[in-house]
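Single-structure report; data block below.
Note that the chains take the letters A, B, C and D in the order they are written out, and that residue 1 is the start of every chain.
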Amino acid sequence: MQGFSYPLSPKGIANLASAPPWHYAGTSINIEFFADPAAAAACLPEGLTLEPDAPGSGAAAFFDWQYSGDHKEYLDPAHACYQEFFVLINARWGNEKVAFCPYIYVDNDAALARGWIQGFPKKIGTIHQTRAFSLPDSSATPVVGTGGEFAVSASSRVGYRIVNGRITLEKKVEDPSALIGRPVVNMRYFPRLTVGQYENPVVHELVLANMLDMQATDVWAGTGELEFPVAVGEELADLNLQRVGRGVRMNLGYTVTEVKTLVDYTA
Amino acid sequence: MQGFSYPLSPKGIANLASAPPWHYAGTSINIEFFADPAAAAACLPEGLTLEPDAPGSGAAAFFDWQYSGDHKEYLDPAHACYQEFFVLINARWGNEKVAFCPYIYVDNDAALARGWIQGFPKKIGTIHQTRAFSLPDSSATPVVGTGGEFAVSASSRVGYRIVNGRITLEKKVEDPSALIGRPVVNMRYFPRLTVGQYENPVVHELVLANMLDMQATDVWAGTGELEFPVAVGEELADLNLQRVGRGVRMNLGYTVTEVKTLVDYTA
Amino acid sequence: MQGFSYPLSPKGIANLASAPPWHYAGTSINIEFFADPAAAAACLPEGLTLEPDAPGSGAAAFFDWQYSGDHKEYLDPAHACYQEFFVLINARWGNEKVAFCPYIYVDNDAALARGWIQGFPKKIGTIHQTRAFSLPDSSATPVVGTGGEFAVSASSRVGYRIVNGRITLEKKVEDPSALIGRPVVNMRYFPRLTVGQYENPVVHELVLANMLDMQATDVWAGTGELEFPVAVGEELADLNLQRVGRGVRMNLGYTVTEVKTLVDYTA
Amino acid sequence: MQGFSYPLSPKGIANLASAPPWHYAGTSINIEFFADPAAAAACLPEGLTLEPDAPGSGAAAFFDWQYSGDHKEYLDPAHACYQEFFVLINARWGNEKVAFCPYIYVDNDAALARGWIQGFPKKIGTIHQTRAFSLPDSSATPVVGTGGEFAVSASSRVGYRIVNGRITLEKKVEDPSALIGRPVVNMRYFPRLTVGQYENPVVHELVLANMLDMQATDVWAGTGELEFPVAVGEELADLNLQRVGRGVRMNLGYTVTEVKTLVDYTA
């Protein structure tokens, strides 16, 4: 039986996630927020602490993604294309500035599988973002330029709206390095299904995402709006946003081949 | 009760399709085909005849659409964004070169409603196309340029794959007027629900689509591949493709406010 | 070209809705409500008036449906099975007690097509109801009996929860005739797509649903709970529920072959 | 952070799968098949061998499920209700008769999560089965009795039909113990995301499913029909069915609290 992830199979082509490299290209809309610091801290795993310089700060990130392996897998767009929404909480790993992802939603099971393997705790949802087309005369598209407005939204699989947001572009950012964000720390986690051991997972480790060959283009920054409506089965609204900051839109590409283990709690 | 389409309501905001103008912006992938002429002719309604210069010719068109009214409705992307696949058969209305749409699929009920009102016989399906991102270093996106490869696919709501296609771009087209296609003739049709009158519809008219302010950008042409797999509940495969022609990719925008009635069969 | 509804096709098998008879079998959960009378009246079309004996009364109905034609079409369950939620407002057509359906949601495009043809203004949504299985020892199913609790919910296609409800069964109803509900009056409506004529539809008629061979079994009545959360693009919450009444669960079957036109507003 | 599975959260209510017990109630349609023995053997993991008495034998199982925890979670039907299709291959674990599940599809992410934790390699798909309603006069439902016909189907998330089946009931089975099937052995598997270690998973164990308080009611057996169409990204068709056997329909309930580890390949 062959394959990298479920389901293994004789030919190794049925698996949701084949072995890396995993190449990603997409358009991102990112909205900075400042949550209630205690609520944000409650979302961090053991080993991470709240960012001391801006406690409660974080971001809601929306991605219109296209995945590929090394063999033009983007030519299977029903598999390759998906939308994603996730929350990042700014944190520290020792002295290192990082961000942690407590909540993330995708509309594609292969993306869910790759996510879990990286430590992204993905659920299925429906996610949308306003798109831009190079059609100067059209009333159906914003411009990627000053004054361009873009909206984002996501709903849980069971049908609750969980986030609404909007950005208005102000200026192009020539050096996006400050905007691409902190290194992401995730928690890889796989439960044990043994009576009395439900809180003793088989896999429980903090890992650092390693995003190779990162490239950002067409980076624009402006203002942001964001809300997390109350939704049954979700805890996003508990972040209790105090303030919303910058909105950013860009194209982003990178490659994933591995994660770096920071700590293995099962050891 | 207010509204343009179902459901009318006190405030007029529940309707699937509000009154025009309907602005559209999107990315299109279009693959020319040559079907069995008899099979293509069997898809034409009374009043249209097969294109004599290329009998059986037509196109499979895929659109990644964004809809808007006059008030930035693209800021509700869960409503505004959708994917579409349709078939066009080249035909003549008298001497006029037109194209007729026998089959069309969308993943959005508001788009279905606007479609029916225009005479597009839409069903719900899942549709995808490879996307391009301006990320020169990424392995997850084709280039919009020579050699760029894009794939398309669609499946019926009940879960049969109904089309697979691919294009390879060869050269940019400076004057896209020849590629934008013929005027589209649709059949508006609404059945009568009366015993003995099932074949006597209330609405039955041929109409000419009127696409205002059409704009095409980033037009590239190349080669195409296309197949219509056999699927229960569908008749696409019966088109019995003999040959596949050109593949084209472009951004396309236009506005719809009305259709022009060519003939009213109920009169 | 053959078929009863969109899309007509050479063989007549591609159409969403083939010609009647349309047989339905399903399980219904029905929750009586008393809305703000003015809000309920605002949902009624010209020709109907609010029920004078209980102004604002109505029901939220949830159906787990199976459709068939005369040829065991239930053997295509991806086509035949669907879930539905709709609202009925008690009204009068002259002196006749009827109910009008302003809002209705299904998860199946064929059901949407049959609905529009009958005058049900269907949108696509996701709808669920608790199910019962004959497994006396199971903790995963309520009993169809005293104390059995069943919940219902629906969300709009764009991802807002639009209704939550619950019933608790109290007693079996031997004569369900009083519970099956009033005759349903619908509005068949198809817009004109002509500038200046947007409010002058081609089809605009009040019709009486004719449900043949109606059969109800396993009818249980009890108490009900119901809420219509606020949702963008919907007006259910505007019904402003004052009180919730009886909850009923039953199996229901009937056949549709036609509607009876009460008034044609285009004549 | 609390919870049993992804995502852990401050209150522990966001997780897809909360800690067991997991109670299940549903209606099952099960179709026996005889695959090419070599193809069936290729689907078995190390440690299992093909059933010597009927090499290549197995079953396609379809479930209309309702999940609950101990607190009437069936009152959240959007979460609790789902459909499932899976394949079982008859095998031996030493001398013990077991069945192994190489492929399984659900339409619910919580069910996917519980599945992975048990070792069921679930992907998202769409699954349907004909349902029965106690409506003797209806043409829209089969009888649960002699001659009753039920169909099943499933499609992959990317839109390929992957299975079609049908059963015709012949006789009620008073003692269903022989039909409930063999103990199920699954492979719990979670990959390592480290370059050079892609084939060295963190979790890799054979486990025996422990289905507690199993109850079967309304068990009927008859004949079956089954096909696995060719589908991109799937390997079901490679099972190369030689013959189809019995069809069975029943209600089934059981509870899961743990799995029993047979062998841990990482030890």
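One rule holds for everything that comes next: a contact is a pair of C-beta atoms (placed from the backbone, for glycine too) under 8 Å apart; a residue touches a chain by one contact, two chains touch by 3 or more.
It should be emphasised that the depicted structure is a prediction, and the values quoted were computed from it without experimental measurement.
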item: Minimum number of chain-to-chain touching steps separating chain B from chain D; value: 1
item: Interchain centroid distance [CA atoms averaged], chain B/chain C, Å; value: 31
item: Centre-to-centre distance between chain C and chain A (centres being mean Cα positions), rounded to whole Å; value: 39
item: Chain B, residues touching no fewer than two other chains; value: 76, 78, 126, 153, 155, 158-159, 232
item: Touch-based graph of the chains, sorted into line, ring, star, complete or other; value: complete
item: Partner chain A, residues of chain D touching it in the complex; value: 1, 4-11, 13-14, 16-17, 19-20, 39, 42-45, 76, 78-79, 102-104, 108-109, 112, 116-118, 121-124, 157-159, 187-191, 193-195, 198, 202-203, 207, 232-235, 238, 257-259
item: Residues on chain D engaged by chain B in the complex (per definition of touch); value: 126, 153-156, 158-161, 231-232
item: Parts of chain D lying in touch with chain C, wherever the complex brings them together; value: 21, 23-27, 64, 66-68, 70, 72, 74-78, 80-81, 126, 128-131, 133-142, 149-153, 155, 166, 213, 215, 217-218, 251-253, 255
